[in-house]
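Right after this note come the structures.
Shared between the two complexes below is chain A, which pairs with chain B and chain C, respectively.
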Partner chain A sequence: MSLATHYYEIGRMDELARADSPIHRLDARAQILTVAIFLVVVMSFPRYETFALMPLLLFPCVLLALAGLPTGYLLRKVALAAPFAICVGLCNPLLDRTPIGQIGSFTLIGGWVSFASILLRFLLTVLAALILIACTGIHRLCAGLEQLGLPRILAVQILFLYRYFFVIGAEGARMLRGVAMRSTGDQPPPWRLYATLAGNLLLRSIDRAQRIYRGMLARGFDGEVRLLRPATFGWREALFVAGWSLYFLAVRQGDLALRLGRALE
Partner chain B sequence: MSHHVVEVRDLHFTYPDGTEALRGISFRLTHGEAMAIIGGNGAGKSTLLQHLNGYHLPQRGEVRIGEIPVKATTVTAIRRSVGSVFQDADDQLFMPTVFDDVAFGPLNFGLPAADVEARATAALQRVGMEHLRQRPPYKLSAGEKRAVAIATVLAMTPDVLVMDEPSSNLDPRARRRLIELLRSFEHTRIIATHDLELVVEVCPRVIVLDHGLIVAQGATRAILNDEPLMLAHGLERPHSLRHLHPHG
Partner chain C sequence: MHMADALLSPTVGATMWAASMAVTAGCARHLRRRRDDRLVPLMGVLGAFVFTAQMINFAIPGTGSSGHLGGGLLLAILLGPAAAFLVITSVLAIQALFFMDGGLLALGCNIFNLGFLPAFVAYPLLYRPLAGHTCHGGRAALAAVLAAIIGLQLGALSVVLETTCSGISALPYRAMLLLMQPIHLAIGTVEGLATAALVGFLAQARPEALLTIPANTPATPFTRPLRPVLLGLLLAAALLGGLVSWLASVRPDGLEWSIAKLTGHEELPSPANRTHVQAAHLQQQTALLPDYNFPAAPPAPATATPPATATTPATPPPDAPASQTGTSVAGLLGGVLSLALAGLTGLVLQIRTRKKRC
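Take a look at the complex of A and B:
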């Protein structure tokens, strides 16, 4: 996939965030809080837990369904980040050889279990974060974070980081196209060229960023990003946060998967 | 209404690298007038425009919008009454949807939500782009982007419109629409451009810049018909005027 295509792929998250669904209509604060509690609960499980984590999959699944998000697209995004999680967990089976179970003649060692646990946690957390962005969009997300007490300067930083990411992406894609158009010989362009391009990209981006900032100033920007949609934390939001939090705690406290299994026996 | 008056007196500006961009510019524009600023590349057009909305402050001389001199303490008020449309619409559109972008200015003025909504809708209707309100700006065509950029400025109900190359990158139809739109405005308009045919149609007055100085100013037709003057400053006599004055 070319850089330019990636650039538009990311823009798709903004498009998803503009959709209308019961989840999209929730105040961003409720979504941020719930996802934050979800992350803490996922991380708090002991390292050999795998099955106990399973019931937590309900949260992303319900959100995906209610918000009408494209599951395949979001899973591809998760897969894009998977190498990081795999790298982190890969050494576990080599280092942690504690036998913790026996399946036929195969001894299950702790390393493999914790590796599986890392992958599952990775799936849960990254998917939840992506769903959060796809249901709120960066502007509402930042506004929500600010209302929750994040210093305004940080919220604006995130917003600009995001906005300029697109600017630099577009600029970079144009430069690479320029290189591709003129490197049709047998020899690939030397690596040194990319150092020059990187420097050039930085200078161009600074210029561009300055022009955008000037555009914002010209329209009265004073450091606060205001949004038209009224943000109200009502009973819907309270119910959303409380309901899910209770569910997460129930999963964390009792081994819900096991109990459900027993109940069904 | 006196706040539509734009007055520039002996304006000088030198960039930190020593480039003297403006070397003593003076002009006065009254309510509802449309004036073009023409000149070759690097003549100082953009620098001059950036003084009108307080992005640059005068190093010497003075810029007045109505009663207010442009200085550090007045830029907020200045930016309320001077709307700037940039050369590259992509620099001007930065919100997730067209509507959010048009609402950005009025929201920053602290207007109530209903007013912001009404103003943004009116501005989009004025430029004929109301149907695009939920679209992300980066997916629009160049002509649509330009029209939306103009709407973002109209939503701030400025007295003065300052535009840098408004017709660049537009196809003939989009350019034609832009010209009709510009002609219909009652604002005081200052337009920097290389599109001399647009100048003939929109601006009765023109100033010619070269190396930071005004080399000519006055009635558009008289100046644009002066072939030696135009050629001397990197310009040319527009075609439409040649047809009107085949022997002139």
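Take a look at the complex of A and C:
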């Protein structure tokens, strides 16, 4: 992905987080806690588990729908990150040749089952993380994390990084435009030029960052993240966390998929 | 080198989270005492800079990880270890949240591999004694390259250990080691050179931006005592030697590696591993879900799978769920049905919310 695409991507996620929906209205803490429990439950399944994981898809599906998020766009983002998981997963069928089932003349080996399991885990975990950021946004997320015990200096650091990312991007774009305007375009600029550019980009960004910070201090910034939406952990939030946790626990310990199948038979 | 969630067991993930959060809390406390006005904007902008630099990344086949410049050493040289650790933590958090680069559960592992090891191992033990008080010149460059290489080697080793301890990927750790270590040797060299170049440039163009150097110490590189340098070299040699001899001693043959793969991780002598065990112990004491079943981490030793070339055994391993056909059919049915139900629920909800909006 190019730098420009990265920019666009970050902006798009911010835009999604500014929407209004029952999920967006929930306190960030409730969402963080639920997603954390979800991740631990997904990861806790043994390596050959595939079908038992499927009921967990209810969580992202319901959240996607209730929050009104663009499903296709988020799935494309998941697919972009998928090559890594597929790479590792593909080693499993080659290395793990334990037969675990027989379908006609075809012997199912453990590797394929664990490959499917890895892909499913990947989809679940990545989707959950995407939904979390698309429903809270960086500011509410940091505020929620801070309320959950993250040191304030780290929360502020994350926000500053986020802010200065755009500063560096703007400075970089300006410098590249300068290079493009001053070069003839018939041969690419030498590599040494890029080293100088990187160093100067850093210097200029440091200067701008310090100016911005002084401006923030002058306007009364004291390290606290203030939000327009009041953050209260009420009964709705408690219900959200408790309800989903119970569901995850039922899927994990009660093997919901197996029971559903038995009931059908 | 960012690890993904899909290959990690919750035990390993939670252990590394606990360890990383403990270090984070310590660093935050340290910085609160340090009160330096230059620090906040510099931390933010350097974090953004490293974040941008890390976007240039390339996949390492077969490991589920990606290689790119880590930036941990650069930050440690510019800001000091505590601030550098927090900056790397923030970079990794944003990457995990916005770009799916490394998972959320794996964040603890990634913070440890890319933050703790360069900032608290490579920087104070290697770079500082080797570079002395200068930030430019051949000696500082050499120190940066050496520290970057060792830091990344330790990080790669730690990735391999964490993946193997999780037991989700079937990749044997010898193969993974042979894949990871040489690649990160190359990446480490590049990272070291880039770090040295940038630090040297900053030290000359903007010396006040380097917070780890007292503002008015004259640069007198040749009057420094030799002892810290020798000590650093000795440490580097010991680390390298330990690493190499450990690599050599893991000479797997057939059954031996498969048993070691499934049971004997705790016995591997390495600094990262000792932290693992200690953190695991700590986690056991403070476990949130004491009786929750986490079977993915250590499978029973009896289920040792033979290497790929051997003939397949007659009995399936006990942790394979599909040994009874009835169970597997019901499981399949239920799984597919729940999939359909989940999708349907989502669809219905979406239609309803859309109607409400119109």
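Keep this in mind: the second predicted complex is superposed on the first by the 217 of 265 C-alpha atoms of A that agree within 3 Å, B and C clash if a C-alpha of one lies under 4 Å from a C-alpha of the other, contacts with A are read in each partner's own complex, and residues count from 1 in each chain.
Note that in this section contacts are C-beta pairs under 8 Å (C-beta built on N, C-alpha and C of every residue); 3 or more make two chains touch, one makes a residue touch a chain.
Being a predicted model, the structure only gives us computed values, none of them experimental.
Asker: Following superposition onto chain A, is the placement of chain B relative to chain C best described as a clash or a fit?
Answerer: Pair status: fit.
Asker: Kindly classify A:11 by the partners it touches after superposition: chain B alone (first), chain C alone (second), both, or neither?
Answerer: The first partner, chain B, only.
Asker: Who contacts more of chain A, chain B or chain C?
Answerer: The partner making contact with more of chain A's residues is C.
Asker: Which partner chains sit in contact with A:24 here, chain B, chain C, both or neither? Use first/second/both/neither.
Answerer: neither
Asker: Regarding the shared-chain residue A:151, is it in contact with chain B (first), chain C (second), both, or neither?
Answerer: second
Asker: For A:163, decide between first (touching chain B), second (touching chain C), both and neither.
Answerer: both
Asker: Answer with first, second, both or neither: which of chain B and chain C does A:212 touch in the superposed model?
Answerer: both
Asker: Once both structures sit on chain A, report the angle chain B, chain A, chain C from C-alpha centres, rounded to the nearest 10 degrees.
Answerer: Result: 100 degrees at the vertex chain A.
Asker: Between chain B and chain C, what is the tightest CA to CA spacing in Å in the combined model?
Answerer: 7
Asker: State which residues of chain A lie in both footprints, the one left by chain B and the one left by chain C.
Answerer: Comparing the two interfaces on chain A, one with chain B and one with chain C, the shared residues are 138, 163, 208, 212.
Asker: State the interface residues of chain B toward chain A in the complex, per the touch definition above.
Answerer: The contact residues of chain B facing chain A are 50, 53, 55, 76, 79-80, 83-84, 86, 88, 91-92, 94-97, 99-100, 103-105, 107-109, 113, 116-117, 134, 136, 138, 152-153, 156.
Asker: Can you list the chain C residues touching chain A in their complex?
Answerer: Residues 4-10, 13-14, 24-25, 28-29, 31-32, 38, 40-49, 51-52, 55, 59, 61-66, 86-87, 89-91, 93-94, 96-101, 103-105, 167-172, 197-198, 201-202, 205-206, 209, 289, 292-296, 305, 308, 312-313, 316-317, 319-323, 325, 327-339, 341-343, 345-350, 353-354, 357.
Asker: Taking the complex as given, what residues does chain A use to touch chain C?
Answerer: 1, 3, 6, 9-10, 13, 21, 35-36, 39-40, 42-55, 57-58, 61-62, 64-66, 68, 71, 77-78, 80-81, 83-85, 87-89, 91-92, 94-101, 108-111, 113-114, 118-119, 121-122, 125-126, 128-130, 132-133, 138, 141, 150-154, 156-158, 160-165, 167-169, 172, 195, 198-199, 201-203, 205-206, 208-210, 212-213, 252-253, 255-262, 264-265
Asker: Spell out the part of chain A that touches chain B in their complex, as residue ranges.
Answerer: Chain A residues touching chain B: 11, 14-15, 17-18, 137-139, 163, 166, 208, 211-212, 214-222, 224, 226-228, 230.
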